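Structure in structure tokens, see below.
Per-chain numbering from 1; labels A, B, C, D, E and F assigned in written order.
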């Protein structure tokens, strides 16, 4: 069923959700079936795919070498890119990342970066001169809603799967790995809530997103911290709605973390 | 009143100008009220805003470090950019500089550069290796005509307001200034004349520009030199018209220079 | 006569070709008159123009200096660019190279590169550090069909005409040449065949191309090698058609090579 | 409770000054000085959509262009808009759209341009605050204003309106925050850092309170131009 | 005849696995694993042309977008499509267009997107093979499938389906090759290297034979989804 | 009065050769050799505006694309058009537009493309000179031709048609200059350098005289093609 139809049946979707009915029989606070696969490509230094229902995202990591930023001479860096592939949706186009892809990449990036899951000091090879740069690229292959959580999960999985490449004379030796994993000190999980009238849906499908105006994402760690918020869309959230989202995020994140 | 209307009342505008009547009561060879403010932003190494009637332009200077050009190993450089901000006019769009912005930037650049107002040798730190580069960026906030003169005046004012940043180990120390001003050896003033039929208008408003096809700009120094010409628009100028423009330019520039 | 008309009279063009009649009286396996001029521009290190009937292409070479690729530390490089100038056809637009220009550049590039006509080792100045890079740029000035063969011929002619610039302290001395020619060890000739129903045309004019769906190009050397194939367009070729093209290519290339 | 680096108490805002109607060509405009931040905002519209197919037959399309001048930051910014500017433009435009009666203007565009000419932390909330005033100045019918403020943590303290020095603290948490002041609905909410649920609860209250102070300044600025008692 | 670096005989293909219908949103899709190559292909259309003027009043326009993920190659690829990807997209789209009854769908577009996520030589022919299956899955009427394979020379031997190690051989010749399997018409043919006429004649036969093996795998994959006896 | 570096007197032009009708596909075209400068110019139009909204209901739109080949200058030029090329295109197109009866062709475009393939100072005036001839060759109705020439100062002398060596002199002033030769109206005028009013007065006269010489060469070239006595 395509997006135009979902727009047309928006009212019906809302009515059903109000009755607590989701198309696939889930409760409002439940995720769709999740399937994670690791090491899906050999040329990547780390990779993973995530299926969240029919939503399908790939993440791949390549290590690069570069100079550190002047204000953090003994820290490596991470760079997150996202492509909403034209194949993923009739409404995505070929071309450079648009504002939606950029927002997605930046929210995924912040959730991981701020959690200090990656020890950036450990990416320093020679202070002020040479550091590892982690290039993490996300490819959305199929959009059936909740790209934020699927992408964040794929990103984390790919990082977890990553091994440093071999380096000689300050250059990467292509096609050789060291078997030294990238250690993650935390597992920050992004949880996105979609507001449909007064309801807060967990892991909305695309059809449900079409019936909604607002989205709120919160990234949480296993030790009780929140590392990123992002409100998106035209809707608004009351304070107590945010609080409910946060509580639910901590609860659901525990379940999701077990899948990694 | 918007631009479409000015196009429609073009004939009326011309008739009034022929009678010597300008909408704000000025004579044909008079500038609108001019207001210059210096040091408008702290993060810039120099800055100024210029209001020419309702036309409003900001200029800011940042110093950078770079290698000199191979053919002038002991000279620094200047780079002038212009943005016709979308906010400045209903007819300006968001996006990279178009041909109008590029022409504007290049005419302002030439007027200053050719006057030798800036001693490029004094911008050399180590011959053939390290020189100061002056990045001068112009932002047009409101276009009510004569962007050329307003921009040139803002550019000159910002340069006059500039102080070198602190440098350590061949790197700029951010947020620290030296209090050493950038010396200007001349004050080149750009004067733009707008041709409406046989009339030559000084400092045309946008409404007057809409009734015109041609523009001629001349940049003059206090010691009798012209440093740049630019004829723009579809009109043409007779030799004696150019001569009248030049005479008036030297006269008006003296008045404008006093405002700096 | 313009392209829309050629589309309309496509059937008539096909009928005449089936009778063996080409608009200019050539046989199906004949090239149009070819005119090659060398050294057409002084600022280039090598240049040539080629006229193939009314099709008109310029090629120019500039040498540059750069680092070798890590996997071939003692080899120089060649970079081929093509511009289908807006002036060359009512259907070409101003702008960056489109897929047609890119295909053209890459086929010309492969034909020359793979023939090993250029000894890339001889372009090495210091292993792993400094090599010559040949920038070969093609400008299509008039498109009357068979841009592939005209461009490949112009490219080869310009290379044949090239002399190394003077170098001092690892930098090119502008405007000074050494009189040392770039040696070509082979003369690879590109031959393009245009399929119109069951006919295979040599050197199709634009009118003939408009009546065709498919094109096959093969680049051949004087010592019996093929160095590049390219099938383009929507048509298909049977095995025996390819074989006929190859035979004819070796035959025609001998004639073309004599013109160089 | 400790004094902050610039001497403020945790709930103190930096000085804010708003001027209305500063860009003559625009349908509405505002200039804001918020601490060292200096920002111009202008509104054009509702106007025809160009190209037409970007239009929406049910409501006005809201576009928000947040840009920073090259010289508005300590290290010269590339003139080309970066990914940060694009993301801020997206979420800020969505925040404003919540307040605008867009359904009254189908097939039109409301364009909001903001230009940061000097900066010292909190530019996106200052820009949003100015943009809301510019929309009101343009006479665009709105449910409410949008009032924005930064909240967060720095040097072990929960504070409102962090400046750059505080944003650079080791433990800094930065939360751009905006509400419709009359309903307290949150329309902009982002966060960067390590924050607990308890800290958030306190900060959210501080944010609502601070945003309402910003609201008073917005109303005052509009009154100065329009001499109206209540918006 | 010598064994090849990976132990194959000259006419052996690497293992090929095709899955149909892997992208739920697309009108048709396929996933192919061909040796280490992993590629997704999806088809949208026939659909409205946007902007309209790209449409053709006599037939559907076929667009083919071949892209490689940044991490699909040993050295990270720039995310921006390069000239190689653009050329491959052009000739692959032309190859497929030969097989599609485009005249049945004037003024529409058939969009084919392929994404290479892992690679080891021969991605363009693997992608084309997957794309043909995706077109069939989308129910686009076709004269025939398109079956593709690499042929060429490496280490003094004529072989089919070169892997990366072979492509990097000193004497390597690489020939992307595709046919309509039922008529043996060649729809894709490129070449790089030094090849004699005699070598080509042998290779062309090897290519047709190998492409027909690929065809069997394509049909099998479609059957697994559709349970049809013959395409 | 001293001889110039290349032996010319101050008012001497370099050798100029113009050929008409060199680009067969174009509606009009010309090739100019002016000293070492070599430039092709072609005209298409009046033709349909694409996209339509760039059209003007009262007159033809004139677009002028001045480009330099990468190998036309001592140091290889980036293939992407630079700011200099964009500015020259703008002012040159405006100069030509003055001479064209654009009001006869509303809602159309007249496209002029010029390509510099070799250069040695004065390319923009040489290009403009060739473009005017190409417009005449295309049969575009014009008030007058446009005749252009460089004027300026070098090595202490006022001269016409500076070459590169003169342009690089310490005291060089370069003034691209173009007129409608029959009315002496100035349609292109730019300047770079330090010039006095008195110098300008002399140069302007020299420029008009030189441009009229250029005009004779333009007419001669057109005559050679058309055998007409007077334009």
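Quick notes
We take it that contacts are C-beta pairs under 8 Å (C-beta built on N, C-alpha and C of every residue); 3 or more make two chains touch, one makes a residue touch a chain.
This one's a predicted model, so the numbers in the text were calculated from it and none came from an experiment.
With steps allowed only between chains in touch, the distance from chain C over to chain D comes to 3.
When chain centres are defined as mean Cα coordinates, E lies farthest from chain B.
Here the spacing of chain D and chain F, counted between their Cα centres, is 51 Å. As a whole-number value, the distance joining the C-alpha centres of chain C and chain F reads 31 Å.
Across the assembly, chain C contributes no residue in contact with two or more other chains. Within the complex formed with chain B, the chain F residues making contact are 83-84, 86-87, 89-91, 94-95, 97-98, 175, 180, 183-197, 200-201, 204, 208. Residues 23-26, 29, 36, 38, 40-42, 44, 47, 65, 67, 69-76, 79-80, 111, 113-115, 117-120 of chain F are the ones touching chain C in the complex. The touching residues of chain C, counted against chain E in their complex, run 99-100, 102-103, 105-106, 110, 114-116, 216, 221, 224-239, 242-243, 246-247, 250. Of all the residues in chain A, the ones that touch chain E in their complex are 40-45, 47, 54, 56, 58, 60-62, 64, 81, 83, 85-90, 94, 96, 135, 137, 139, 141-144, 172, 174-175.
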